[in-house]
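Alright, structures below, take your time with them.
Below, subunit A partners subunit B and then partners subunit C, in two separate complexes.
What follows is the complex of A and B.
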């Protein structure tokens, strides 16, 4: 009898907890349902229609858009550009960010001004950076052209954004300028998390600073490296703002990305059906790549 | 004894060389970082045609302040305040709603908790551009198109995953005993949340405020899709608007750029330690 009432009391408590949890989670659920789950499903639904986004007349075309997408050279070129950016982002931003953080960790507070200045680019919006570099990389009166002119002593014009392979690499350079500070702060935080007693113990045991960094700090930063790579990877695959305002995908689609291609189709050519198809394709590709990356590189996730 | 001193001197020489290289590298990156900013600020004080004549790295002659006057008197503050409003409203909602969600995820035992948490975390890797077309459609259907309010929903939703993730991790570190003793004193879950958990989560909340604040302040894609009229647009769209009106006047655009990045720089200098501390909290859980 007594036992029974105990059980039911526990059950009541459990039920109460579940209700309370539900109430707390409700606002998030609502927002996620309206602005996340429904739109993703809808993207796949719209991808089976031919639709200009305005008129109520939409024509069901089945998998036609998807068949077009699989053979769409522009889409796969855009995907290749995304992958190129991804590779160079990981190779540039993370190592440089790591080096800068290592420097600041060794140099101490005397070099705080360096940290502040190094961080500045990350404070600018991608749009502002795009506008700034439209002028900074201009053939006439840009930074690079002007510097080359000063060095050479006569007028030099260097066209970075107007030529085919150059534009993509110019964009990669601008991205490195923008995002390296983010990884720098991330690694500074990582260094800060290493217990100072570990450093002290290493120094007492006779390790030099560089031995400490190479043999102790970097292995300890392993998980942070992984997270940084994942962030860089996903970020590179969904780039939009910078390219849209800097090159609009040009010249001749040489910097077109999946997101800019999707945007052009949907909001410039008002081909929302196919635009949705590109968006859905992008969603699938990013999910696959992120999952593969997790599978290959995940050591062990413990919370 | 002697060999040891020699070793020491050698090691010291080596470290001096390494240190010089490090300082050199640091200065190179400093220059790379600063040059575009110097370019931006110097040239924003020039007359339209002086840029090519004077050379972009010469001091402006004369210093031409009218660019700033022009920008400020032609709607800059409108864009600015609209951005302030959107950022403030989204931020308050994001922090409140994500704290609501993080509390049960960190503190209660119920069915599907792991699944819900994993789902929210997985949302982080989904590119928000995928939702752009349906959200555009939805916004039009709701009659919110071209209204500032249309941005709140998407902004809050896309800030949620990261915020819930960090806050959950944060709330797990708050000792259980505090809550339990409050419960014995007759505190219900909601009192508990507002009186104990929320105030104790302040450090986590301030980190998220910085992050989401910067992200929302700079957001472009949704703003560009959902707003149309110049007098409804936010700051990131102001650049395009000014460029449309002053197509060839580069110094004016550079003045807009300088003005739009200035508040962020000031805020960063004030809050930089908070930012790094916040990232530490995020980095542990990574």
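What follows is the complex of A and C.
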């Protein structure tokens, strides 16, 4: 073996690892740069223009769009709806998901079928779910109105999507139906990660199943809770597809979210500059809220 | 293990989301069997530009994803390509729902199709102002073209310039009604709005909701609003409100709003009107099961009801034009302003200075779309081309009435939601759900629409 230089073997290996890591990371970095970093920067750039989204002529207006945004009642209303959805999503989806997971974890293999059945809603696309629920919630032959009619014995119309504020809560319900299964699976995975020796030790020490869940499993799941809440929070704040297909932000803006408002401005009203400003505003708000949440919600990571 | 399962599931879902992006199908004009092996082109002997013999590709975007539009339009392209084998037309059928957004994205990223569908009105004006729609006034005046009705050309024009060649069909807007219910209750077709209200009262007494309306998309409710405004003031007040010399809070608009809200309070519209959607046919259903007796809608409803159940449609469905406002008539307000569209769709062209391409597209749009074969296929599916003379050939009795009303109109008011600038359209549509939901009154929605209109004018 020839060794011309006095570079140590460890250093060569380190260098090689760095190169290999670089090569492997480059494709994903390029994709992220093209599809995430560049659009975010460009959104901020476009937000300083007055532009209809088509024409090659765009007029630089500085911070005018931002000034409008700060006083835009529609935007802040939309933001309020997002926050309402966020609060209810966290209050509904995560506890229910957790309960289902606890049940499945305790019940063992014979209830595996439920695991699959309960996961189904999450596998459907939001567009399909939106269609499903337009029918289910319809006043004319929808499940809820029809059931109410059968119970009461005469025709009853329960209008959930056509009135404010009912529409927003109907949408929150549908979202819970769609996303609870995700958190269920997430918590099942969390339970799976708890070492079985801990369970065995607890049982030997005379703990009951409920004591184990309450005093041992749930605290151990702390980090999982935190991540789940963060995901639900971000998801609720940038939510778009289901609402768009279910209500299009209606009736009269009562289910308008920041994302649907942005879409309408950019693509339906030919106001790309201001639409981008709304998108950038969303980006800032979501980042701030998510960071605040991470700071406030401190979970002890080690036991 | 479970971590891995979760990770794999998430990766799979994310990948699926990425790839399920845009869906559009391209087809390069399917071959159609043409029995006549005649030499020569169907454009021979006509006054048209000489087309190039060099190879050329034309990208064409339309929204004909379903029958009967798709085969009709593909056949037109196939006839063109047979006559001009050197020219390839790439027909891309886009989903209607996303079409306008797709087009905006294509234009802004330098991928604008050479020839594309639009509805005229506000959006077309935006395309023109941004340089993506050619002015074809000179070509239209110089070369042969079908004898389109004036309203159709007017709708494909902006600022006195012809930008679009119509190829769809006219769509009137009239009241479809259940003849059987009317007969059973001894009701007559109403001539005036007062008569109409009497009919509604009688229907309501008998436990039937007068109007089938699904107002989730808001343009459906707008039909009632537009007609009441038109009957009360002709075009005058709307035109004035459009330029903001008048106002959306002027008398005719308040008249329309008050009437609608009065009717809502009296239960003349179905419960939950703002959540019913015509896309699922929820308005038709109310007509079918006899819980509603009338429906103000676009004339395409005739074709769709006939397709659902031809016998039932023939036996039960009649049509009358929106009743007149007797009081306004006495004051001399014209009662023959009708709501609708004279073209349905038109083609706009973006040649980017390539005259040879524009020539080819002009010939395709005027001579292959809109030729006899094309028009016959349209007529077979309950659609009347906006070309003079076709009104005489309509056979369905309801379509006959609709077409007659349309051809006799002194003026055709295009749907507000197509005519108004895009930002005002949004406000107008929201006003319609607020109006039918009794959340705002006529004055308030008038003020909202005025504000949006003023802003839109200021931006021009």
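The rule is simple: the second predicted complex is superposed on the first by the 276 of 303 C-alpha atoms of A that agree within 3 Å, B and C clash if a C-alpha of one lies under 4 Å from a C-alpha of the other, contacts with A are read in each partner's own complex, and residues count from 1 in each chain.
Following the convention adopted for this analysis, contacts are C-beta pairs under 8 Å (C-beta built on N, C-alpha and C of every residue); 3 or more make two chains touch, one makes a residue touch a chain.
All values derive from a computational prediction rather than experimental measurement.
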| item | value |
| --- | --- |
| Subunit B or subunit C, by number of subunit A residues touched | B |
| Touching partner for A:139 - first (subunit B), second (subunit C), both, neither | second |
| Touched partner set for A:9, first subunit B, second subunit C, both or neither | neither |
| Partner chain(s) touched by A:192 [first = subunit B, second = subunit C, both, neither] | both |
| Partner chain(s) touched by A:53 [first = subunit B, second = subunit C, both, neither] | both |
| Which of subunit B and subunit C A:103 touches, first, second, both or neither | first |
| Touching partner for A:269 - first (subunit B), second (subunit C), both, neither | second |
| Which superposed partner A:240 touches (first subunit B, second subunit C, both, neither) | first |
| Which superposed partner A:250 touches (first subunit B, second subunit C, both, neither) | second |
| First, second, both or neither for A:120, with subunit B first and subunit C second | first |
| Shared contact residues on subunit A - subunit B and subunit C | 53, 125, 135, 140-141, 185-186, 188-189, 192-193, 267, 272 |
| Subunit A contact footprint on subunit B (complex, rising order) | 11, 15, 18, 22, 25-26, 29-30, 32-37, 39-40, 43, 51-52, 55-57, 97-98, 100-101, 103-105, 108-111, 113, 116, 120, 123-138, 153-154, 156-158, 160, 164, 169, 189-190, 193, 214, 217-218, 220-221, 225, 236-237, 239-240, 243, 250, 253-254, 257, 260-261, 264-265, 268-269, 272, 275-277, 279-280, 282-286 |
| Footprint of subunit A on subunit C - complex, ascending | 1-3, 5-6, 9, 20, 100-101, 104, 107-108, 123, 126-127, 129-132, 215-218, 270-277, 280, 282, 285-286, 422-423, 425-426, 430, 433-434, 437, 439-440 |
| Interfacial residue positions of subunit A with respect to subunit B in the complex | 14, 17-18, 20-21, 24-25, 27-28, 31-32, 34-36, 38-40, 42-43, 46, 53, 96, 99-100, 103, 106-107, 111, 114-121, 123-128, 131-133, 135-136, 140-143, 146, 150, 177, 181, 185-186, 188-190, 192-193, 208-210, 223-224, 226-227, 230, 234, 237-238, 240-241, 244-245, 259, 262-263, 266-267, 272, 275-276, 279-280, 282-283, 286-287, 290, 303 |
| Subunit C-touching residues of subunit A, taken from the complex the two chains share | 52-57, 125, 134-135, 137-141, 145, 157-164, 167, 185-186, 188-189, 192-193, 248, 250-253, 264, 267-272 |
